[in-house]
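By letter and in written order, the chains are A, B, C and D; residue numbering begins at 1 in each of them.
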Amino acid sequence: MAGNTFGKFLKLTTFGESHGEALGGIIDGCPAGIRLDFDFIQVQMQRRKPGQSSIVTQRKEEDEVQFLSGIFEGKTTGTPIGFIIPNTNQKSDDYSDIKNSYRPSHADYVYEQKYGIRDYRGGGRSSARETASRVVGGAIARQIIPEIKINAFVSSVGEIFIDKPYQELDFSKIESNAIRCPDLATAEKMENYIKEIKKQGDTVGGTITCVIQNVPIGLGEPVFDKLHAELGKAMLSINAVKGFEFGSGFCGSKMKGSEHNDLYNEDGTTKSNLSGGIQGGISNGMDIYFRVAFKPVATLIQKQEVLNNQGEIIEQQGKGRHDPCVVPRAVPIVEAMTALVIADYFLQDKVYSI
Amino acid sequence: MAGNTFGKFLKLTTFGESHGEALGGIIDGCPAGIRLDFDFIQVQMQRRKPGQSSIVTQRKEEDEVQFLSGIFEGKTTGTPIGFIIPNTNQKSDDYSDIKNSYRPSHADYVYEQKYGIRDYRGGGRSSARETASRVVGGAIARQIIPEIKINAFVSSVGEIFIDKPYQELDFSKIESNAIRCPDLATAEKMENYIKEIKKQGDTVGGTITCVIQNVPIGLGEPVFDKLHAELGKAMLSINAVKGFEFGSGFCGSKMKGSEHNDLYNEDGTTKSNLSGGIQGGISNGMDIYFRVAFKPVATLIQKQEVLNNQGEIIEQQGKGRHDPCVVPRAVPIVEAMTALVIADYFLQDKVYSI
Amino acid sequence: MAGNTFGKFLKLTTFGESHGEALGGIIDGCPAGIRLDFDFIQVQMQRRKPGQSSIVTQRKEEDEVQFLSGIFEGKTTGTPIGFIIPNTNQKSDDYSDIKNSYRPSHADYVYEQKYGIRDYRGGGRSSARETASRVVGGAIARQIIPEIKINAFVSSVGEIFIDKPYQELDFSKIESNAIRCPDLATAEKMENYIKEIKKQGDTVGGTITCVIQNVPIGLGEPVFDKLHAELGKAMLSINAVKGFEFGSGFCGSKMKGSEHNDLYNEDGTTKSNLSGGIQGGISNGMDIYFRVAFKPVATLIQKQEVLNNQGEIIEQQGKGRHDPCVVPRAVPIVEAMTALVIADYFLQDKVYSI
Amino acid sequence: MAGNTFGKFLKLTTFGESHGEALGGIIDGCPAGIRLDFDFIQVQMQRRKPGQSSIVTQRKEEDEVQFLSGIFEGKTTGTPIGFIIPNTNQKSDDYSDIKNSYRPSHADYVYEQKYGIRDYRGGGRSSARETASRVVGGAIARQIIPEIKINAFVSSVGEIFIDKPYQELDFSKIESNAIRCPDLATAEKMENYIKEIKKQGDTVGGTITCVIQNVPIGLGEPVFDKLHAELGKAMLSINAVKGFEFGSGFCGSKMKGSEHNDLYNEDGTTKSNLSGGIQGGISNGMDIYFRVAFKPVATLIQKQEVLNNQGEIIEQQGKGRHDPCVVPRAVPIVEAMTALVIADYFLQDKVYSI
């Protein structure tokens, strides 16, 4: 396997399976002299972890980060920051029934085909538990760029969506509800819908919108490493993501140029922002915003046909504790990956901008 | 500037401005011993180049590729393949009026802010002319993976779209019309619409769908370098792209897990393919398909407000020869970037799969 | 700081300061399905660790590796292997006197100049304790290429050197003495000399020779990433190394071509091997051998002038437990870095060789 | 093949065979706004090219660089700089006799083993002609760091060497003689010796010393990417190089710590400089100096046994125009690779230093 490192200047390399000893990672390239806010890091971990509310999985994982290096007297020293997150609640017996079978729309089958071996305990490396390390990385990345504001929120669950532009939302309401939807009336509908889905042992997809504010002009490299291309890759690397659009997105493909062009003000800002804060791959100082589509979680608490390693289709009853809808817990992951991208380009910009 | 290299194992590095001496690139990592089909390469160049039909820009560019190394007696030797595409039709006087002004929704302003200098002749490095080098790279990449079939086509222009799943389309019809839309009735509507838009001096966006067939199981690296994440980055790095979705995409976010899961057949194939041929970042042998959104071209043949370098808003009349709709010419670019990604992961797979 | 990752296909990323919580690392790119020999790994750690004999530093460090991921039922799964080595014997009070001063020929001063902050406890990240993680990486790398034999040994200490070609040495004697010199008469002289140096509170340099046998033809990439160039970089990245030569080395620069050329046998082997097993950056199947120069350890148990952070030169008495000669303990480090390079190129070769 | 790119921040990617259409490369990451001195670049090309004097090969190659992008109105724009060097004097018939045979101590055999195909015309990609592109890259790199002085010179030819420390040499004399040895009495001896060797149809090795002055404190990354490790790799990647040492080098391995440590002055400079300007992988502001060993050129104008592709040993008469001693022409190559490394770390330093 390759590809366990994200970033070029601020690099996060992660390891860990859902039911191994620990997850963890190394953050290389963090500037020296940053006084870290450890409470902020742990808060981000709490936002991601299971068991926060009745609508998410009830697995209990402490998700306590232990930092092992790179920090001295509370400040970053510039050396790599090693960290681990012990797996305290492994319960591997829960997963014995999937040892010899491949769950639909999970990675079980392709892992075994590719590697000839698979840690079958709860998804192993393909489990979304892997994202815990990303949240640590993102929480440190945000402290490299404290002036840049990153707010993600749930913008739709199934067919229910926020019917307002993000400018009309109050981001301070995001954490006020279990859904992480700042529009409270919509949040309530979403919550009720998820509860209903959960009763059915089913799951549902959703979308997350992310807004990045106060970005300096000039972040991004204009050809293959366009800022939005890397944001897109970052989002698509999150488990269950099926799509990414920024600025006008797919709607923009239906528009005419005369409607879509963002006319300038005299100070270089633009009157509209269908571009989504990025021109030619480079931030233009306007808000960057994008939307990420998540498929419904594949694990159902229902009977389902699965393939076993004898090439037979058998029925299997899904059980255990899984999320009926992943988007509320994915909000901090979207923010973390966003922070990693923006901090990476912020550092890169020191080299290449005038 | 950084980020002019794409790929890890098969690396394409490109250079060139729209109105410099030449564009070109270096392909490093191409396996030795491949007998290259140079006609195929030139055909791809023709598909991308301006002036192919009445609905695309009438600039004449020969776009003839000259190979300088890496090929001996018709075969690749394994050494880097250097190539250039001379700019034969520079006409730089066409662009003198934009020397001191920043066109809306172009990269003029951010380039000057980032670099303090800008090759103002026709967009310079930010011009889509840069993609000519990508088409060369892609045309070679396809010859590394001849058994894998890559077909892209225009699936919508403005509000007009193909109302059929790709399985009902005949890909051999793609090149039969100027739009590169295999559904001929829809193609005709699109063409008429684009002609109308052109008369108005306006432009319109659209989407391209790409289908990759006969992909072996196991391509992709499961965490940050998921196969679809790199495909997404590749597409988002193309000029004017605003969104990417694969498999069920944004629609998938509205579905329930019980509808969305792809149940297995006994041979490991799946009955449905909402996953889009990729599980956990790894190809599962089913068709990979995705959709890419392009915004309308920003250059209008209309009067428009622009910002000049004195901080003034002035009116400027767009002129010259530009595409009213970019998607027909973007089809070979989408295919090229797809081929670069798939060939790159195909080589990577030699290292990490069993 | 950057540069805490080594390798392209088999990547070792490390973290850790000499007196932090733990050192550790992540090995990404290890093939799946290798049954690991953990005893072998721990033996390598013992060879590197302090306190093995009276001629090396008497610091006690357990150097016990804990593997946290990437291994299931004793075999590698292909996922990243995370590991930690707790620092059990930190004794940070030993180092309080160097908090405000910069020791000659140590990295204290440049770290503080570069980062504005320094973990002054025992050298921090610049301590050779960092190499413990390399030994873990190397011990795993060797299990990827079990058929390739890597033997390093001490070939000189101060002015005392082995006066024989390596072909006349019995590598099975390397571990028979505290010096790790397979020529026992020379080993004894070296040991006596080091004891004498130690009594003086002084230190001495030395060289290590490394021989790699049974290497397949074809490893190496011929331009910037020549096999010997990467071996050289690997060796020069080890603390205290001042020089690297392979094959005929510096002696070769005095020779004539008619003496130096290695004539072929009919089977493609060569009669002589002044090339050192590498032609044009690519292994030719003959033994690869090289020599590495280590400077004397900078920490003396003597009075010495140091610079303090007030810009004053003061006298300081060196104390503590340090090695009078680093080369015996550096033997497993040289082998580890060699194994990392060879395994990396072995994996790379799967992509690019026919 | 991989590994045709050098550098991380300032990246040089090269292509080209000795007898193909052209050599060339792409420099990515060059800062914007540098007014380039093209005469300086061409002078460096002249220093490397064959036929400069009676002691070097009489092949005539114009080695004229054509820049194709990245430069506008005489200044770098920050976009990639593409360039080609046409091969004007190909004479491929000279090499027909080596089509089916493998010359001793050349890369012919390993190329064919590795790639199954070989451009047999004059060494192809393994020819030192490849270094012409490096000289272009280096000549641009130097203009990124104009305040840093890089001087390389021939310090030995065969057994003849300069018997003085570099501090006693006048670098302005380097170009005063065909050897590029600033000690004129030694230069004369070297020249006479090379003429004699040439008459014999033989060749001889030598060493080059390089001194880098006025380096800011802080360049280098302390673990795997130590400044001297990358310098070493850069030098070892040059054709015919067999060894690298910096500062005290191999001599340092014979010394005692009390002799070797560089004591500080109050301003942070050091009284001696056995460290060679680098501590713990980071420049300390003192002169950086190193020495590079070159083997004798493998092509002899003598009869020699070669292996043919039928597995037979046959006699072959070397002919053509080759260098009896490579070091005079290698001086600008050593300087170029040095400049590429230093400029790369200079840019990297912008990210990671305070």
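Following the convention adopted for this analysis, contacts are C-beta pairs under 8 Å (C-beta built on N, C-alpha and C of every residue); 3 or more make two chains touch, one makes a residue touch a chain.
This is a predicted model, so every value here is computed, not measured.
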| item | value |
| --- | --- |
| Chain whose mean Cα position lies farthest from chain D | A |
| Comparison of A-C and A-D (more C-beta pairs in contact) | A-C |
| Interchain centroid distance [CA atoms averaged], chain A/chain D, Å | 47 |
| Distance from the mean Cα position of chain D to that of chain C, given in whole angstrom | 27 |
| Mean-CA-position distance for chain C and chain A (Å) | 39 |
| Multi-chain contact sites of chain D, meaning residues that touch two or more partners | 1-5, 9, 14, 29, 32-33, 78, 114-116, 125, 348, 351-352, 354 |
| Residue ranges of chain A touching chain C (in the complex, touch as defined) | 1-5, 9, 11, 13-17, 20-26, 28-29, 32-33, 66-70, 72, 75, 77-82, 84, 114-119, 124-125 |
| Touching residues on chain D, where the partner in the complex is chain A | 9, 29, 31-33, 78, 347-348, 350-352, 354 |
| Complex contacts: residues of chain C adjacent to chain D | 1-6, 14, 102, 104-107, 109-111, 113-116, 125-126, 130, 156, 158-159, 197, 200, 202-207, 217-218, 221-226, 228-230, 232-234, 236-237, 239, 242-250, 252-268, 270, 274-276, 279-284, 293-300, 302, 304-307, 311-313, 348-349, 351-354 |
